[in-house]
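Lettered A, B, C and D in written order, each chain numbered from 1.
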Amino acid sequence: MDKSQKHKCEACGKDIEQEVLIKNLNVCPYCGHHEYIGCRRRLDITVDEGSFKEMDSDMRSVDFLKFRDLKKYSQRLEEAREKTGLSEAIITGEAGIEGYGVAIGVMDFGFMGGSMGSVVGEKIKNLCNRSIKNDIPLIIFSSSGGARMQEGIISLMQMAKTVSSVGRVMACNIPYISVITNPTTGGVSASFSTIADIIIAEPGALFCFAGPRVVRQTMKKDIPDDFGLAERNLANGQVDMIVSRSDMKETLARLIRLLRG
Amino acid sequence: MDLKKIEKVSKIYLKELISSFAKIDKLKKLRFFSGIHFKDALSQFNKRIEKYSRATRESNKVWNKVELSRSGERPQCRDYIKGIFEDFTELSGDRLTGDDSSIVAGLGRIGGRTVAVVGHNKGRNTNERIKHNFGMGIPQGYRKSCRIMKLADKFGFPVITFIDTPGAYAGLEAEDNGQSAAISGSIRLMFELNVPVISVLIGEGGSGGALALAVGDEVAMLENSTYSVISPEACSAILWKDSTGKKLAARALRITSKDLLKLGAIERVIHEPIGGAQKDPGRMIKIVKKYINDALGRLGKYQPEQLRLKRAEKFENIGFFTYG
Amino acid sequence: MDKSQKHKCEACGKDIEQEVLIKNLNVCPYCGHHEYIGCRRRLDITVDEGSFKEMDSDMRSVDFLKFRDLKKYSQRLEEAREKTGLSEAIITGEAGIEGYGVAIGVMDFGFMGGSMGSVVGEKIKNLCNRSIKNDIPLIIFSSSGGARMQEGIISLMQMAKTVSSVGRVMACNIPYISVITNPTTGGVSASFSTIADIIIAEPGALFCFAGPRVVRQTMKKDIPDDFGLAERNLANGQVDMIVSRSDMKETLARLIRLLRG
Amino acid sequence: MDLKKIEKVSKIYLKELISSFAKIDKLKKLRFFSGIHFKDALSQFNKRIEKYSRATRESNKVWNKVELSRSGERPQCRDYIKGIFEDFTELSGDRLTGDDSSIVAGLGRIGGRTVAVVGHNKGRNTNERIKHNFGMGIPQGYRKSCRIMKLADKFGFPVITFIDTPGAYAGLEAEDNGQSAAISGSIRLMFELNVPVISVLIGEGGSGGALALAVGDEVAMLENSTYSVISPEACSAILWKDSTGKKLAARALRITSKDLLKLGAIERVIHEPIGGAQKDPGRMIKIVKKYINDALGRLGKYQPEQLRLKRAEKFENIGFFTYG
């Protein structure tokens, strides 16, 4: 990557030097727009250096329905793996945040729109079990278009599965913090991401069940510009706080300190 | 080439066929093209037609089920309630901000015991459908349902849910009132219930709005009901970039009772009178009543703790994946 | 009372023969308007004949603050007793409803606007204790303008007191049904009357925290005609059902049967 | 007659005095009227003036407290939070339909332990006051408070509440969203908490909106705070049929910290710096901090079950009545 390369902000359109953008955690220095970052980058800026120990890194989706739309599911998976260098739409593991041990999961919208299929569900379940086993807080960064259609009803069931799993963590009085990043919708917004002790959203993140296009279609009229945005969700009582990327790590550490009594 | 078969192939496949036929046509014109290769290509092409026409045939069959599952002629939630439970008393409101008429909730009696009943009701004629918002739940509905389920839990009443919804309502107000949290909250609550939970899909089981009421110890589907992560229409629009793929999507998604039983996503298929529930609603209702009675018997032998544990285990074990 | 005497319906203005009105449980046969009825009458039409055994019939309010506005509290109490023949704004006891034993309380708006002071609070507490002791469902018909100002802060505390008492009943998994009759507002609507397992309202009953006059004043604009009415509360999710006076007994009996499993 | 004294008598009493003076005047004119009787009447009349002027004097004093308790100069909830708790983190929203900025809620640390803090915040200048809706809570606020208290209960954090409100907001939307049930729900929840609950009235304690946050194991009032079942203004309008009775109402209602302590409605009066909290906010906050720390110590020795039982007993024992 050429560090002097210019990058156009998606929100304000201003040119940002690549170096500045990266230093600024991919947040536009002019308008504060929080850009997409992949899950590896997210981990880098969130957990203590070198502390992340990945779980289930070799878990793979299978095309058990032989689902084929314009492409085969297996082909879409292959392409997503190649494009992102990830094995699935979530990466999970143990890590430290300012020294506190946590069970952390980070979704990646870049992998098939962060869609939740069997692997995302199972990885979250295993992460929850780890959280319970080691009595460490659970943190999940969500970023997803919803359930993975290519796994049919089984992807819908991951909603129930993940809710049950994080529910078990919460029943043990282990803190669970859900972080909403852009976008979090559908089957993910309507499952594990919305039943946490604390729900944090990144500024400007889209966070809704039905997306703006669908809602516009249903309503047959215009919807507000801030539809589904984190800020509107704050006013609507759906999130505890909006925390900018630069404050996220400190905030998580403080919340863990508080919730651990 | 069997043109008759081509006629039976779905439009979307046709595009592909035409493009590969164009390729064969090109091949024919190539100088170095040998008859044998051409024959191979043509046979492959014919196989493709065969495959596509089978897929189309199956898609049409599945689509018939979709239409049947959505049919206004089928018995609806209120019909089952009326036919199955004595003393049914409807309870309204979430005690927070509203009441959702697309979701019915209340208490009734079956086999001499009280149960809580919650279900989507679509309504039959236009007026009814509008009144019930076509069975599309809003947060107030899921929260009402939660309230009644909590009441049931407190008094030890089993919970019976009837699912029949195109999905949760995709409206601005519903979103502003926390549709996501309402659905996840309902799912979560159902895992926490200490009483038997029986869920019956009686018509259309649409996405998260259906699942919100379907976290049962036993989840049963009527033979001709469907249950899907997304409507075939929406799935087609996204994946096939075209609404004409809806029938293919319906097939690909595996949304019939038979498919779901095979996949282990439900426990039981309840057979319908020949031709479907709408042919003999009275009998259909009796069959469902018997199923509920039997299921209550089966689940009655478990302790609350066991029920919760088995329910969690069941759903947490759903998924297909591999390693390496 | 002259039975052939005419009575003008407060709602539709039609003349109703006294005899018809009484037979119709003081519900207007023309428009269905539910008129005020006193607590004795309410008991008569609600519980099995002769089954009511009153509790705390000799409990009396005392003017412990020496409260005097344009009249002395003690004088207001005296007048209310004379006017209504009641000792206080609630009558409590045990009774049968279609054979089911219940602990029942009925407020009377006629006694100082059904206001809740120490006696109302204490009677409800004792009623709750009876409900728990005898394991019988609790039913309270509310009708009140709120807390009794003449008992100052002590009347506010009755809100906490009654919530605690009915809360204990509910914690024993004994059914508690609250019946809202016209009007139920202020300290009563914001305490024991709104935390029941089942909340029933009579048609047309005013049921709100702040009354329409106050709300109009605060808002400085008109408010809907159905402000605070039972029907609006049903739509707003605050009551389970609206039950007409003639169906009340049967409904209560059915609910008890259901809630008793 | 001491006219100077009459001047000091509240308007409402004056009406009465004038009418009885008119009577005396009449008596004078009566033929059979003896001087002795007249002297009796006059002396009674003078006694009345004495009584009324004392009442007026007291009313004025109480009214000063009312004004002081409402003064924007006094430290407010956010000031106490800032001065008392480390790591305070505000949490928003009821996770249902909204957030109420008139009620602040969050987690913080004091004495090395985490507590949940909930309180009304009125705001100081006009902008702030409008933003905080003058400290008048709406259902979303009480429900947010409940959510945070449940969180505290789950994790075993004591709950600290600061009360400073004219009362719950009397608006159409608030009523439509279930103001009554929100308040009763908050009261009920506070009885169910398994953790120590400390409530501090820091300014105005207005009616149900105040009580909703004030179901504490210890309820303390700052010396110059007030706590009342109804605002003196509203009470006057109802009982005196006249707004000029507000000072008399303030006295009659017994709303000062001293009165409430005497009546057994609160546990403790926290003394303020001379002249009131506003004269030395920093010291006031320190005093409250010490009180909270001490109270946490006192309550820390009870088991959850004991706390609940004692809390219920305390409130259920409040009331004055007799038999026969």
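Definition applied: contacts are C-beta pairs under 8 Å (C-beta built on N, C-alpha and C of every residue); 3 or more make two chains touch, one makes a residue touch a chain.
Remember, predicted model here, so these are calculated numbers, not experimental data.
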Neighbouring chains common to subunit B and subunit C, by label: D
Taking each chain's C-alpha mean as its centre, the one farthest from subunit B: D
Which of A-D and C-D has more C-beta pairs touching across its chains: C-D
Where subunit A and subunit D are represented by their mean Cα positions, the distance between them in whole Å: 46
Subunit C and subunit D, separation of their C-alpha mean positions in angstrom: 27
Rounded Å distance, subunit A centre to subunit C centre (Cα mean): 52
Centre-to-centre distance between subunit D and subunit B (centres being mean Cα positions), rounded to whole Å: 55
Where subunit A touches two or more other chains, by residue: 194, 236-238
Sites on subunit B at which at least two other chains make contact: 95-97, 176-178, 181
Chain-level touch network, classified as line, ring, star, complete or other: other
In contact (per the touch rule at the top): chain pairs: A-B, A-D, B-C, B-D, C-D
Residue numbers on subunit B that touch subunit D, as the complex places them: 95-97, 139, 143, 176-178, 181
Interface residues, subunit A side, partner subunit B - complex: 58-62, 64-65, 67-70, 118-119, 121-122, 125, 147, 149, 151-161, 163-165, 167-168, 186-187, 189-195, 207-210, 214-215, 217-219, 223-224, 227-228, 232, 236-238
Touching residues (chain side subunit B, partner subunit A) in the complex: 168-172, 174-181, 183-185, 187-188, 191-192, 207-208, 211-212, 215, 227-230, 234-235, 238-241, 245, 248-249, 252-255, 259-260, 263, 265, 311-312, 315-316, 318-324
Touching residues on subunit B, where the partner in the complex is subunit C: 87, 89-99, 107-109, 113-114, 140, 144, 151, 154-157
Of all residues in subunit C, those that touch subunit B in their complex: 173, 175, 194, 197-199, 234-241, 251, 254-255, 257-261
